[in-house]
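Pasting the structures here.
Same chain, two partners: chain A is paired with chain B first, then with chain C.
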Partner chain A sequence: MKFRTFAAFVAPSIVMMLIFIAFPLVTVFLNSFRITQPVVEQVEVETCTAGFLEQTCTTEIKTQPVLDAAGNQVTTTEWVGWLSYERVLGLAAMGEALAEGAWAGILNIDFWKALRFTLTFTLITLPLVIGLGLAIAIAVNNAARSLKGPVIFVSLLPFIITPVIGALSIRWLFYGDGIVTALLEQWLATDISVAANGWAIEFLMMFYRVWHVAPFAFVIFYAGLQTVNQDTLESAIIDGANRWERLKYVIVPHLMPLIIFVALIHLMDAYRAFEEVVGFSSQAYRITLQWLTYDLLTPDDAGNRAISRASASAMLTMVGIMILLIPLLRRTWRDHHGES
Partner chain B sequence: MHLRSMLLAGATALTATGAAAECAFDNDTPVKMLSAGFEAWKSVTDAMAECGNFEAELDQEFRTKQPAAFAADPSLYHLGGVSNGTITPLLNQGTVRPLDALVEEYGQHLKPNQLIRVDGQIMAVGMMVNTQHLMYRKDIFDELGLDVPKTYDEVLEAARVIEESGVVEYPLGMTMKSGWNIGQDFNNMFIGYGGWFYDDEGMPTVNTEAGVSALETMKALTEYADPEVLVSDSTYVQQQFQQGMIAMANLWASRGGAMDNAEESQVVGDVYAAAAPRAVEGGPPATTLWWDGIVVARNITDAEAEAAFRVAMEGINTEMVQESNDEAIWLIDGYQPNRLAEGAIATATTQPAPPSYPSTSQMGLMHTALGNELPAFFTGKRSAEATLAAVEEAYITAAKEAGLLE
Partner chain C sequence: MSTPRAMRMPLGLRLASSGFLAFWLLLAAFPILWIAVMSFKSPVDAFSANPWEVITGPQTRGDGAGLSLLDIGLGAVMLWLSARIATRSLPRIVAQLTPPGLLVAGWLVGAVLFAVGFLVAFVGLLPLVVAPLEAVTGPFGRPVLGLTTEHYVAVWVDNAFYRNFINSMIVTAGVVTISLTVGTLAGYALARSGSALAFWILIIALVFRALPHSVLVAGYLPVFINSAQILEPILGENAPTLYGQPLAVIAVLVSINQPFTIWMLRSFFQNIPAELDEAARVDGCTHFQAFRWIIMPVMWPGVITTGLFSFLLAYNDFLVTSLLLDAQNQTMVPAIAGYFNRETTTTDQVEAVAAAVSITAPLFLLVMIFQRQIVSGLTAGAVKG
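Showing the complex of A and B:
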């Protein structure tokens, strides 16, 4: 292809990537090292607010941002080095906990609490998604022709549902007097409160993620199964290989590149888990790194937002994903470039 | 919550196209409004829509949208629905305009009590007051021969009796969802014990005896509540009431109307309201006072502001109150307090009176710190002192980043 043609086709994509990925990434990176603050002053303010019958007026010293002549807030921006990272990581509190030998205390610091859950969540759901996806793919592949269509349709459903709605529907089955909980209560004749237990919420969050993502793995593996060399399979049968041996020595090796692909995508997605926290209102028990970033970025009632810490937290999440992906990327690299 | 507010917004958008029915003037300037999504706002915006060319967005997430939307030039909305908690960023950024001249011309009928003043200037027009107070099932209390509790010791005692009788699933409902709700629950109790959140320098003062007492009382109350309290918000407690699952709760006055809504509630006429209980004898009721009202954006033309203000006045007039009397504790002329308003009135007129929720930048940070750090105490991961120390630490970190502390 001529370079000009190539450039013409690639340019729009590169421009989009620059605008929507590279530029925000650079901004976030810079914001994590600087803090923009309003200039504030202490002023005495008399505020009269509505009481039920008459007003109550109070005079108090308030800290207010200074406004310039045009009525806009005056702000200062300062480069602060790694300060926001130290704050997100809770290094001071961590030092105290370590000095006291209270290891468990570290898990009360937001970042480490979120990291603990995010890692468990990612690493436990990974094999389940791959295993379940493969199982459905093989089951569909072996199903009678007339059944294939409906089975594919049903197994794809969870993937089509909007993530938050999917999470909410599972929440409604279990929280409060949800149908499943009510049935369990009747069956076991005890009072069950699913949302009062961290582990139960954690289990539901993982269950939801596997239920939601397994169809994606299934679609990929099912496509891969169509390209398995039938001659190799037949010779394996002649050699006396049973089902399990055929799966282990023929099918799985053939699907390996796809399994790595699904694993890569899942690691990236699961490490950024967010909708589970919102859908299951799990903040009191379990939070994820992505939720932490969101929480820092959400303005409170007074309009304060911790943009610098949110940026630092986002950068740390990105670094985390990269570390998780390294082993898989190295394997792919080796496969492509030989063992040298 | 999202779904509901979207439906509400959709419904109002539809009514907005309806004929200009009972409005005193024909509005030909497009006016847009952003407010919270509860029933009172729906009534008010419906009344405004009668003037024509009016569009309202009722969204429970309004608090996160409003500051940025009003800071735009021109502002994305002409009118805003605010409370004393959410007006802070608008005042801080100077994005709402003083209303003295407009009140002079079009707001002569407003009561002085409705004019929210900052340094003498009218910055908002109040329409209703709100507070968290004791709502209880009078039928259950009468049946068991219980007096209406006036202190939290009496609440605990009544809860014990109700639990033993087994008439409801849980004696108490609590709005302790992690985040804003649990923070507000602590605020109430902390104030009841005589605590205050920060000192004159803006340093936190919650890790005190009052703070520990507040947490311990809250913990004692949770024994009588649904074990899932950490995911239960005001709507959830309202539904627990409506479905006859609880006997009492410290709940928002604005939720009163829902108790008598026959379409949703199985306990119509059974729920009564009383003053918020005290935490200590002789102290103020353990709650805060709130008002809801309307502000006008700064970044719009004077003509638009005038039209917007006139439309707003149509929304909060006597006809609207007569139509929707039971939906809020209105400040507007013509309001007839009903059975469920008694609690809010008793709360506001108790001596010493509970304070208004403070509208300061520090309070926003403190509320967030409380909302994020308190759950660890209730899940048993941390002691009361360690939790309050963590709250102070989180507050200091946030205040330093926000430039409020050195």
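Showing the complex of A and C:
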């Protein structure tokens, strides 16, 4: 294919990615080092009220935004260096906590709280997703042929459902006097309040994520199971391997590339966790890195968005993604050079 | 195919395996089924601590909204009939009436007509028939199962959820069409070109796919809000404010989706033998002609699968749409957050449940129809790699 034809085919896609992905990345990078805010001026206002003999006048100093000729607010942009990063990382509060030796105090700072949760969340759900996906794939593979279609249909539901709605559907089973909580209360004869307990919410968020992603792992492992070499399995039987050994030494090594693939995809997606916080309304107890950026971008009560701090927190989130990406990139690189 | 005896499983293991499978199926379906049941009950029943009361709905029945055995029987017959029509007669009629080449359009018209007919029969005709019958059948006509559609009426009619629905449809339709048009061209070229440039484009796309969406939105927001001022030198007086515009959101979602789309389409195009377009080129076609006349007719399975995933991304999105759209252009998923964020009555909560079920229903249909394509899409990227 000549370069000109190639360019013509690819151009629309590249242009869109440049405008809407590469360009915003540059602005985010720049915005994280500068703060844009409305210019305010202090004016002396004299207010007079009618009084006997003389008017009573008071003067006070008011702060008000400067407006230009068209009536828009005038804004200034200042380069502030690492200030926004310092604020997001809460360096001042962190220094205090360290000086007092109160390590736990660090986890009260939003960013570190979010980082702690996101990492625990990602690392705990990873083996569960792979284990459950593999177990379902093997169970479906053993099931009668006529059952497979309906089983795959039902299994796809948690994966296909809108993430926020999926989280909500589990929340309604547990929050308040949800039926599962009610059953647990009856069984344990205690009062349980899920919505006010950080650890219970954390558990539910992980449960939701495993429920949501396991079908994806299942479908991929199931496809991989169809290509297991039957001759190898038979030789393993002749060599006296039992069921467990066959799973461990034949099937799992065969699926290994797929397990790595699922693990990488899951790491990237779980690190970007966001919908759980919305669905479980967990912001008072547990937040994720992406939610932190989202929260800074949402207008506060005065209608201001903390763009600079949001940009800084976005850049910090990206650092993590880059670390997670390195193994995936190396794999693609190897595949490419293996092919050619 | 008979399994060799040595591979056959002992009874205990087989029981354990099917028991586990049954447990998973229950786990997978239960939350979704349960919110569907809740959405039809009055608030007291829906949030009752006793599961049996949630299912039968005594309070709802007490309020006079319920189904009798007669209703249930007739409803089941109607459902069975419509399922038969949908699976047997509809494909035949569509195939007969549509001219070749317009099969997709024919199916769309057929599906819409069927849906309208179903609604008219189920909501319009059935109650008219049932009411006089219930009066004469005695015990069979008495309500046994509490069921009310008032929350759906409240959500769709009173709270104007149909507006959010229309917005969702505009955004998803835009995203699917544009991202497929742009993506097939790029995916085709990337599959056919072995150059280093193509490889680097794919690598960069991979990096872009991993970016958290909030990072990108942080880049859009200041620009979109001030776009009227920024674009003024170029576009003059009528420079638009991009914030709140569905078109801007469509462009954003298409671009966010683009890396995934081109990777997926590329792997589908690689399965179409390159000899096919080489033969066309020998016969004197240009690359564009070869693409138009040789590749396009055979690429539909891959395009449909990729389209499904684009649809899901646009339909399920919360983050981008909630930050970049204003209230009047809001799509369905962010709109639902409005229900459960205000700490109000249980009626509001059941309405949120009804809205959630309304959002899920189209997805349910989608899996039903396109199960095979979804599975092939999921495995396309993985199994070969």
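Assume the second predicted complex is superposed on the first by the 293 of 340 C-alpha atoms of A that agree within 3 Å, B and C clash if a C-alpha of one lies under 4 Å from a C-alpha of the other, contacts with A are read in each partner's own complex, and residues count from 1 in each chain.
To be clear about the criterion, a contact is a pair of C-beta atoms (placed from the backbone, for glycine too) under 8 Å apart; a residue touches a chain by one contact, two chains touch by 3 or more.
Predicted model only: the values in this text are computed from it and were never measured.
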item	value
Chain B versus chain C as contact partner of A:Gly176, first or second or both or neither	both
First (chain B), second (chain C), both or neither touched by A:Thr5	second
Which superposed partner A:Gln64 touches (first chain B, second chain C, both, neither)	first
Chain B versus chain C as contact partner of A:Ile323, first or second or both or neither	neither
Chain B versus chain C as contact partner of A:Thr56, first or second or both or neither	first
Which of chain B and chain C A:Thr298 touches, first, second, both or neither	both
First, second, both or neither for A:Ala284, with chain B first and chain C second	first
Chain C versus chain B, contacts on chain A by residue	C
Which superposed partner A:Ala195 touches (first chain B, second chain C, both, neither)	first
Overlapping contact positions on chain A, where the chain C interface meets the chain B interface	176, 281, 298
Of chain C, residues touching chain A in the complex	4, 6-7, 9, 13-14, 17-18, 20-21, 24-25, 27-29, 31-32, 34-35, 38, 47, 49-51, 54, 181-183, 185-186, 188-190, 192-195, 197-199, 201-203, 205-208, 210-223, 251-252, 254-256, 258-259, 262, 286-288, 291, 312, 315-316, 318-319, 323, 333, 336-337, 340-341, 352-353, 356, 359-360, 363-364, 366-368, 371, 374-375, 378-379, 382-383, 385
Sites on chain A touched by chain C in the complex	1, 3, 5-6, 9-10, 12-14, 16-17, 19-21, 23-28, 31, 36, 132, 135-136, 138-140, 142-143, 149, 151-158, 160-166, 168-170, 172-173, 176-179, 182-183, 211, 215-216, 219-220, 223-224, 227, 233-234, 237, 243, 257-258, 261-262, 268, 271-272, 274-275, 278, 281, 289-290, 293-294, 297-298, 305, 307, 310-311, 314-315, 317-318, 321, 324-325, 328-329, 332-333, 335-336, 340
Sites on chain A touched by chain B in the complex	35, 37-40, 45-58, 61-65, 67, 71-73, 76, 84, 87, 92-93, 107-108, 110, 175-176, 193-196, 198, 281, 283-285, 295, 298-304, 306, 308-309
Footprint of chain A on chain B - complex, ascending	63-64, 67, 84-86, 88-89, 91-94, 112-120, 126, 129, 177-179, 182, 200, 202, 226-231, 236, 289, 291, 293, 298, 329, 331, 344-345, 348-349, 353, 356, 359-365, 367-368, 372, 375-376, 378-379, 381-382, 386, 390, 393, 397-398, 401-404
